[in-house]
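Every chain is named by a letter (A, B, C, D, E and F) in the order it is written, and numbering of its residues begins at 1.
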Amino acid sequence: MFRHQKELQFEVKVERPDPLFARQVQEVLGGQFGEMTVMMQYLFQGFNCRGDEKYKDMLMDIGTEEIGHVEMLCALISQLLDGAKPEDQEQAAKDPVTAAIMGGINPQHLLVSGLGGLPTSSTGVPWNGSYIVASGNLLADMRSNLHAESQGRLQVARLYHMTQDESVRATLRKMLARDRYHQYQWMAAIQELEEKNGVVVPASFPPEAEQESQPEAYEFWNLSEGEESSEGLWATGSAPDGTGNYVYISNPVAKGQIYSAKIPATELHHDLDHKTFDK
Amino acid sequence: MFRHQKELQFEVKVERPDPLFARQVQEVLGGQFGEMTVMMQYLFQGFNCRGDEKYKDMLMDIGTEEIGHVEMLCALISQLLDGAKPEDQEQAAKDPVTAAIMGGINPQHLLVSGLGGLPTSSTGVPWNGSYIVASGNLLADMRSNLHAESQGRLQVARLYHMTQDESVRATLRKMLARDRYHQYQWMAAIQELEEKNGVVVPASFPPEAEQESQPEAYEFWNLSEGEESSEGLWATGSAPDGTGNYVYISNPVAKGQIYSAKIPATELHHDLDHKTFDK
Amino acid sequence: MFRHQKELQFEVKVERPDPLFARQVQEVLGGQFGEMTVMMQYLFQGFNCRGDEKYKDMLMDIGTEEIGHVEMLCALISQLLDGAKPEDQEQAAKDPVTAAIMGGINPQHLLVSGLGGLPTSSTGVPWNGSYIVASGNLLADMRSNLHAESQGRLQVARLYHMTQDESVRATLRKMLARDRYHQYQWMAAIQELEEKNGVVVPASFPPEAEQESQPEAYEFWNLSEGEESSEGLWATGSAPDGTGNYVYISNPVAKGQIYSAKIPATELHHDLDHKTFDK
Amino acid sequence: MFRHQKELQFEVKVERPDPLFARQVQEVLGGQFGEMTVMMQYLFQGFNCRGDEKYKDMLMDIGTEEIGHVEMLCALISQLLDGAKPEDQEQAAKDPVTAAIMGGINPQHLLVSGLGGLPTSSTGVPWNGSYIVASGNLLADMRSNLHAESQGRLQVARLYHMTQDESVRATLRKMLARDRYHQYQWMAAIQELEEKNGVVVPASFPPEAEQESQPEAYEFWNLSEGEESSEGLWATGSAPDGTGNYVYISNPVAKGQIYSAKIPATELHHDLDHKTFDK
Amino acid sequence: MFRHQKELQFEVKVERPDPLFARQVQEVLGGQFGEMTVMMQYLFQGFNCRGDEKYKDMLMDIGTEEIGHVEMLCALISQLLDGAKPEDQEQAAKDPVTAAIMGGINPQHLLVSGLGGLPTSSTGVPWNGSYIVASGNLLADMRSNLHAESQGRLQVARLYHMTQDESVRATLRKMLARDRYHQYQWMAAIQELEEKNGVVVPASFPPEAEQESQPEAYEFWNLSEGEESSEGLWATGSAPDGTGNYVYISNPVAKGQIYSAKIPATELHHDLDHKTFDK
Amino acid sequence: MFRHQKELQFEVKVERPDPLFARQVQEVLGGQFGEMTVMMQYLFQGFNCRGDEKYKDMLMDIGTEEIGHVEMLCALISQLLDGAKPEDQEQAAKDPVTAAIMGGINPQHLLVSGLGGLPTSSTGVPWNGSYIVASGNLLADMRSNLHAESQGRLQVARLYHMTQDESVRATLRKMLARDRYHQYQWMAAIQELEEKNGVVVPASFPPEAEQESQPEAYEFWNLSEGEESSEGLWATGSAPDGTGNYVYISNPVAKGQIYSAKIPATELHHDLDHKTFDK
């Protein structure tokens, strides 16, 4: 069960409204890597956690914090939109700056939300549940979390340069700091899990090691012209499992058959030779 | 520019058709972490790559391989569906096993694709572009790739237990092996990039270190009851940047204000006090 | 079966084209609460109606009217776009107002529809079937209809302030009038149904009254700090069913257990302790 | 800012697992009217609230409660899936009941979530942000809330008949009770707001009453054959605004023009007469 | 403006309910090529038509007919679901056929629509506006219409084999007949337009013929191994424009450059060399 | 299996960056009829092809070419975005042209992709799998391909007028030429297939010719007022099957029944008469 307190986690102020910037902030609220994503991802991972209380508790801590980040971003967008109103297009047609604002603003901030944050990205696409994952495998999920915080912090950093409003920047700096810590945190969790189970997800497959001990588990297939890709750590040396060495295949040869599919039943109406229809 | 050769990368055969399993295989073809996702993600990252040819070439190698994995999964689904046809419901009503198959099959395998693979998940949701990311930041993107291969291999491993068809299992083992190698590969790339730029994404923010050197970059906020979360590596010790030590805050206090939003212009029709409307 | 006549339901004219406004009008055509929504919602409710001809006939009356509203909005957008053409960006770069128009216009009005209305919102998101509901319960559905007309009229009212084109405003006033009437209409239907079956949806659950006569049916849980919420009609007095009195719980206590999920089968590869895998 | 406590709001138990029912419960978790919808809708309305603290506080109370309902449903689905595992299809082919379960289960419960709740509907469609609304107009939004609770309780009531597991039913009864109270609550809020501002949304349009005092605000247009629709409260008597009487128009006549759109610029390539192209 | 009459266009009856078949019929109601698609596509094309009344009138005729087809399919699904109810899972567990039905039924037919047609496909994905197109170019759109009727009739034909209910089949035969006629109709319209403007869409580009008279307009690039593709009509002979002859390029050579993208501004945080950040 | 070579198929250059145009180019990359659509459509049709190697090989040739077109468009967008960076809004507020650019640019080109192409349309909607079809019926699919190339070339032609950058126009001309050839190609394939099997899809239904030889297969129903539609080729003469003559029905009469749906089981809670509930 959850409880809410009135104070925001961090102060959220603006020096002056900026409806164009409000549109862009939507990306880190309701976009692919916005706060709605990390909030829902950590909550679902926490709700679904099976068996290790330490991780479950940690996921619930962070998931609960992220609900408050959605709250903060709504407070930010709300202030950036303060005073905006449905403008007269005719007046805009005479004043280029007004015109630009009318052209660049998210129309749903006026028409749909009445100056509030929307559960959508900066282009107005609604947030959806396929942005998140809770797989039941902790290592897989912590890697998803690290990727989400990395993409999220990258976007906030880019956003930071789009404004010179020092109050807004102060809020963004708090978010950058939290995203930094959350990257540390998932890295620490990943380190723990990799030390316990090894680096491959899932660790528990295959039951018999030989099932998968095939050359393909160590080969780089050079399917794009040029061999610059041979210069990376992935191209030489031994794999973390200690049982294989990387092989760089400069000229890979396909190992499969040429596949020709069967003619289907006539009821599927492929019409390759419809004379034979005799149902 | 691309070219196609007729042989599949690996052999794809089935011992016998299994239309229910065909429905489940769709998850690793057109689901959130299916082969369409890694194919499109690596291709877009490669197409958009700015400045380091080694990584661009490597992304194009793997992206090109993944197109062939989509091809292989279509060949697999195609064979699992061989011989299926629009069944008579009346007959199904008498034969429970037929009924179960009719109930459990993906109806679009009959009605829409005529026994072919679909660009959809196991529940029939179309693949979409928000499954992928190509951010322009290599470390962020390699972490996304590692997460995608981890989730993807996990799903193939689960799928493996749903069939006892040894030919199908042989194909799945090849995919498990490639997913294993691809995890190694992204880990190696991540290691290279972290050694060069540090572990936080993005590395280049802030320009002046002090902008972000705040306590919030090292604090764990215990917002869910219970302190099991204090037992992880993230709760004590120093951060990888060497400039901060983790602090576990058992009883966090909100630092922000209580925010009250302003009354909007009357043209927005919030109707809080509509008497004042005087446009 | 349906028939079409050539006249629009109401006159639709513009004094002059305004492609930016055309983009915004899309919200009330193909957005969440646009005319496509009420059209499809009422038609599906009418098509699926089981058992009361009066309501079925009424739904078909209004649903049929709304098809004509979609037609009217296409005629409006079409005229707002008259004369627009793919502009020269270079010229726009010199003329700020042209630049603003090119920046603010919906690019699909030029590229995709060739100056016609689109089945999308003001941000270009395609209309979809999850905007509507036809549940088979008349009271639930009439409440959905009242909510849709309320949101819809609110958006048209906001849109009204975005233009000073008197011809456009005349059309919008007709739509406001119809949305006013339709609010009256659904309120009247709701009143009839509530008088017959009571105010709770569904009325027919539970069969035995005691199944649900629990304290939870009358309690307000104050889970957000502050007790301003105790001042509403919902906090004191008796419920409309006459069998319970509202209780405002200032300090609610959770009644459930602390839930710990079971460890899953090893075939799910949670990897909590993968040593035990023995399939 | 939010906090989480370990106890669930109400007890959530099952007598025995039931993976088919787990699939159906997804509807009230991540479907159009599931708990994710009311949670996000009330939170966004609360976050965006401008100006009346009583309503803001109330929205935050209920929104916070609903996060806990999402938690409860995940705990329910988790228990319904306990013990499930990727089944052998071959065995299923011999045992019709197993086959039916394998056919009827949501494959993503095994493949994607590893026996956890998903942010999707009963057919596997991801939850998305266009299920919710926070418009800034309190009366419009409270009507949306009443409709959501009505549809939601209807679905829970239908779900109740799909199981005879008494522990599951006990949980569902708690949810029915809360949905009952929440319907009362929104009705009470609507009553307050209607008494203050009148029944039409928005109340503040138009500024001058005459703008909209048109016959169209009181007319029923009988556009579907048959006059059964004349028997409702909406067809006779006076409107709640006291300024108009309902008129039932048996044979409505269109009032608009026959609209013919203009030929577009040749750069749009309508090709009606492409000879005239002379750019 | 539209009107509705009570009779269905054609008789719609069933001999007995069949809830599994109801799920499959959804494909031709709310799927990619269902009746909602042709209805909305023809209506939008008609609403947006600029300049040729014959085609506009024809589009409105067919679009209006298709609204009635949506109505018919709802009547069909409604009857196929007659008598269904939320089943007891426990009973299903004992009776395999009931279990199969419970597993194979669309759960939303019970939970969401209460035994009515849904605006979704056979896998439950909501219909959306990106299924349709109204481009303003008549030839392009008539080709879209021909493709939609071809895919649509194919699906109805496959559906036909899934039932032996003679009443259902009678209705499907009417739909097959109409889809046959509509294919003829769009072919006739295409023939008219091609005779007037030529076969390439758009006809009006380029203004000066030489702009595009390049070898690439007549070349087949053999980018997949094997030359079976050289045997078609597209590989030899002259193009319909009479100005070029097809060329089959067995070994195509890329004509473009090797593209290397520029290093972006540091504010984009690509981190390729973040030392240089100096904002 | 696929291979990649470094050269682009055609040269892709720009004279100067143009971030607004980059947004519009997205339509032909990731929109409904963009290159992602034809790429995925042809590949899936090729992968799923059953039985005629000539068509399979041809589909693989073109599908493989289209992957290279996606690559080219990413290279184009990349160059149009060169040098763009997160702008200072304050500065934009003073300079109208900058303001217009900031308003008109796709914010995700800065925030999400870091100056790269996105898998989305010009309005930012992610590409999705329901844009494509691979039905297993060659004639149906070739018609889909012809429609896709027609819509696609139309959009490129419109785009051409939005820029005067001669380098960009040179690239677009290559695409127009390929789209021209691909229209020829699908027309040639259609001609072959129609000559073999007749013009109706599917050809193989019904088994007995009389099943469908009904008047409805030749009738035009004039359901929209006015008889302009009687002037087309579809209104008179004989059908291509030689067995029927078109009939123009000026005043069509509905042939179906007035359908009244049955009252459902009480467990569905329609509440029409909830007193009878007695479970």
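Rule of thumb we're sticking to: a contact is a pair of C-beta atoms (placed from the backbone, for glycine too) under 8 Å apart; a residue touches a chain by one contact, two chains touch by 3 or more.
Everything numeric in this text was worked out from a predicted model, so none of it was measured.
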Equivalent interface to D-F, taken from C-D, A-E or C-E so that over half of the residue contact pairs match | A-E
Report the inter-chain centroid distance for chain A and chain B in whole angstrom, where each centroid is the mean of the CA atoms.
-> 9
Could you put a whole-Å number on the gap between the CA centroids of chain A and chain C?
-> 28
Which residues belonging to chain C are in contact with no fewer than two other chains?
-> 1-9, 32, 48, 50, 53, 60-61, 63-65, 68, 75, 78, 85-86, 96, 99-100, 103-104, 110, 112, 114-115, 120, 123-126, 128, 130, 133, 135-137, 139, 154, 157-158, 160-161, 201-202, 204-205, 223-224, 226, 254, 256, 261-262, 264, 267-270, 279
Chain contact graph: line, ring, star, complete or other?
-> complete
Listed in rising order, chain F residues that touch chain E in their complex are 5-13, 32-33, 46, 53-58, 60-65, 68, 72, 75, 78-79, 82-86, 110, 114-115, 125, 128, 130-131, 133, 135, 137, 139-140, 143-144, 146-147, 149-151, 153-154, 157, 160, 173-174, 176-178, 180-181, 183-185, 187-189, 191-192, 199-202, 204-206, 211-212, 214, 216-224, 226-229, 231-234, 239-240, 246, 254-259, 261-262, 264-265, 267-270
Contacting residues of chain E [partner chain D, same complex] | 1-6, 48-53, 85-90, 92-93, 96, 99-100, 102-104, 106-108, 110-112, 114, 120, 123-126, 136-139, 193, 197, 201-205, 207
Residues of chain E touching chain C in the complex = 1-5, 7-9, 30, 36, 40, 43-44, 47-48, 50, 60-61, 63-65, 67-68, 70-71, 74-75, 78, 112-120, 126-130, 132-137
Can you check the complex and tell me which residues of chain D touch chain F?
-> 154, 157-158, 161, 267-269, 279
Contact set on chain E toward chain B in their complex | 18, 20-21, 23-24, 27-28, 31-32, 96-97, 99-101, 103-105, 121-125, 154-155, 158-165, 223-226, 254, 256, 260-264, 266, 268-272, 274, 277-279
